Amino acid sequence: MTFKMDVKQLNLFYGDKQALFNVNLGLPALQTTALIGPSGCGKSSFLKCLNRMNDIVLQAHVEGQVLLDGQDIYAPSVDVVSLRTKVGMVFQKPNPFPRSIYENVAYGPRIHRLFKTKSELDQIVEKSLVRAGLWGEVKDRLPQPAMRLSGGQQQRLCIARAIAVNPEVILMDEPCSALDPIATAKVEELIDELREKFTIVIVTHNLQQAARVSQQTAFFHSGYLVEARETGALFTTPHDERTQGYITGRYG
Amino acid sequence: MNNHIVKAYDDELKALHSLIRHMGELTFEQISKATQSIIECDAVLAREVIDRDHEINLLETKVDDLAIRILALRQPVASDLRTVVAALKISNQVERIADYATNIAKFALILKDMPLFPEVKGLSTLVQIPMRMIKDALKAFELSDLNLALQVWHMDREVDVLYQAYLHKIFSEMIEDPKNVGPCTQLLFAAKNIERIGDQSQNIAEAVYTMITGKPFKESDNVKNEPKI
Amino acid sequence: MKLILKKRHRREKWFKRTGQMSLYLVLFFLGVIFMEIFSTGYSAFLRTEIAGGSAPQDLLNAFEQYTNQKKSWSIASDAVDMYYKHGKLGKLTSNQLDTINSLKENGQIRLSFNWAFFTHSDSREPELAGIWGGLLGSILTLLVTFTTAFPLGIGTALYLEEFAPKNRLTHLLEANINNLAAVPSILFGLLGLVIFIHFMGLPRPSALVGGLTLGLMSLPVIIVATRAALSSVPSTLKESALGLGATPLQVLFHHVIPSALPGIMTGLILSLARALGETAPLLMIGMVAFIGNPPSSFLDPATVLPVQIFNWSRSPEMGFVENTSGAILILLLLLALLNGIAIFIRKKYET
């Protein structure tokens, strides 16, 4: 199988504390990979390694390789800014900018100068909102503040904002944890549709959600990648005792 | 295996197991009584067996209800999911076995009006292994005992051999004296039902195999490495 | 059980009552102060005028006369002013009293709005003294304070909050800045005296030196307020912008500063309001001198409104009592205005 991203022998340190130990995981192209595990197991840290968001934390230090299309993203020649246009991110709490709906989506294209004329920008905004399944709901009120949208709409707006810069991989850090079941279902449906164009990695505490949206599931436990398999297989016949204990609710 | 963090979940799974165990014990008794009623021409016992069948049907719906409830409320995964699914299958198969016992009891009611026939004793030998099979299959389910399940699976061959032998005996009786054709046909049906009990028990063993390993049972994988009995 | 509940309710009630009582007490004192200032001060905005030629010179102010198109009116001396407004006899002789009373009967004496109070600078004559010099001095001083403290304060806060490495040195620095915000303001006056006048040799009671000194004083407050505003910007906002591939500088200018701006502006305006009302450090740098002319540049000798109030309150003439209160009213009005702007900005950008 060809991997869109391939993580090899990844070790992550926060100061003296090691957060990830020898993680090896391939992310198949145009598939959704779910990362599950108890709190503090390193799954979110792992996610942040994939677009170097750990660079914000000064004491974070990474060893090993993270390959994107065969190129190590931690190589000194790699520009973090252009990396993040290829690997976008959606966060736990919907966090639109305190600006208009339009400006939220247009922000990425603006800072990366992805358009020449205003009408081109309009097209990018519309296309992204359509893809995020939000266009019908907001097309008449693009100049309104994004903060007035509901939580679920805000999260889909954040997804639209992320895909506006044409990423290849989208990282999602518990994108539905602040949403009600209907809004969650909409986002899950969206994730399934986005799989046609994007490789998706999603961190979730909701095992059913991992089972529903992903094709591959990886179980992390205290900094180690315990088991990563096809989702159906992992949820019916996990190989490792710890995985079995965690997903059946016998953990700890 | 550890207990669940949610105790009620454990309790529900235990209840599921105990319902199946209860169903198994009852069915075991039914088979034994049905066979006895045929051999001893005991119409009262046969009627008792027929009357008690609905108890087992009731238990089956109870198992189904509880399993569906667990699926809906606990959304089990991995071994829990496989256990619940196996319970659903097994309850269905045990209910079928109980139906076979009822059938045997019904033949007893027909046979009691016919002349006594010596070969009827052969049924008690024939029923021994299927009874052991259902007992062991359910034990394998309860204890998640893969080896025991495989043993049960292989026992069915012996049942087939004994069944064939019994058929030959009955056939030769029928050829010897055409008067025997009436009761012999009934015995033939009863023997067929007993043989089906063995088949169903083998199915239970396959369900237990799938539950434990997570793989569908394949005959080719398991014929060669027959476990020691 | 019931008893405990009852006791708890009683305690809560008692606590609430005590709080209410203290609030009312504070409101009462505040009311008394305002009443006192207003009742003494309002008459500073009025002055007594006598119709031209109808009164002897000793009842008139010697230096200035006011003419209108039909009839010329002269400004009455402060003794007449006090008698006409408040019925205080002062040093008036009985002859003078008779003259005033006859003027009253003929309608040749009147009260009119005291424009001079706003357009004149300080004077030895209370009826001629105005706040213009002090007001202009205050404005020039605040301009200097604003132009120095604002960029320095914001720059320091931005560096400390967003770029500085978090080590022992910066921690020490932070602690000291917080302490500086609580240092008595007169010490900043001393600092200004040493640095700006003795060391740099800038002209003594000028708006420049005053503004720089007040700037020094405002710096820690602005830094603390700005840092609080910056650190209250949610980190998720920064993360999401970084996640879109914005550079740290873009994140700062596109998201962090706009979000923190209301907080920064409020802090700035409140610190300017504090500087506007400050006297002590200015006394140290010699801005307490009597200045008769409004300053025409930053280097001219100048005084500020609160210092002028301070000077007036020490003057013996009766007329200065109401002038003092009148100037206090103006100062309070300005402070209320600045605070109002701060509240307006905060409300407008909060949502």
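Order of writing sets the labels: A, B and C. Residues in every chain begin at 1.
Going forward, a residue touches a chain if its C-beta (ideal position, glycine included) is under 8 Å from a C-beta of that chain, and two chains touch if they have at least 3 such contacts.
It should be emphasised that the depicted structure is a prediction, and the values quoted were computed from it without experimental measurement.
Minimum number of contact steps separating chain A from chain B: 1. With centres computed from Cα atoms alone, the innermost chain of the structure is A. Across the assembly, the mean Cα position most removed from that of chain C is the one of B. Put simply, the C-alpha centre of chain A and that of chain B have 52 angstrom between them. Put simply, the C-alpha centre of chain B and that of chain C have 98 angstrom between them. If each chain is reduced to the centroid of its CA atoms, chain A and chain C end up 54 Å from each other.
On the chain A side of its complex with chain B, the touching residues are 207-208, 211, 235-238, 243-245, 247-252. Listed in rising order, the residues of chain A touching chain C in the complex are 51, 53, 56, 58, 80-85, 88-91, 93, 95-98, 107-108, 111-112, 147, 158, 161-162, 165. Across the interface of their complex, chain A is touched by residues 1-6, 9, 75-82, 213-215 of chain B.
If you check the complex, the residues on chain C that touch chain A are 165-166, 234, 236-247, 250, 254-255, 259, 351.
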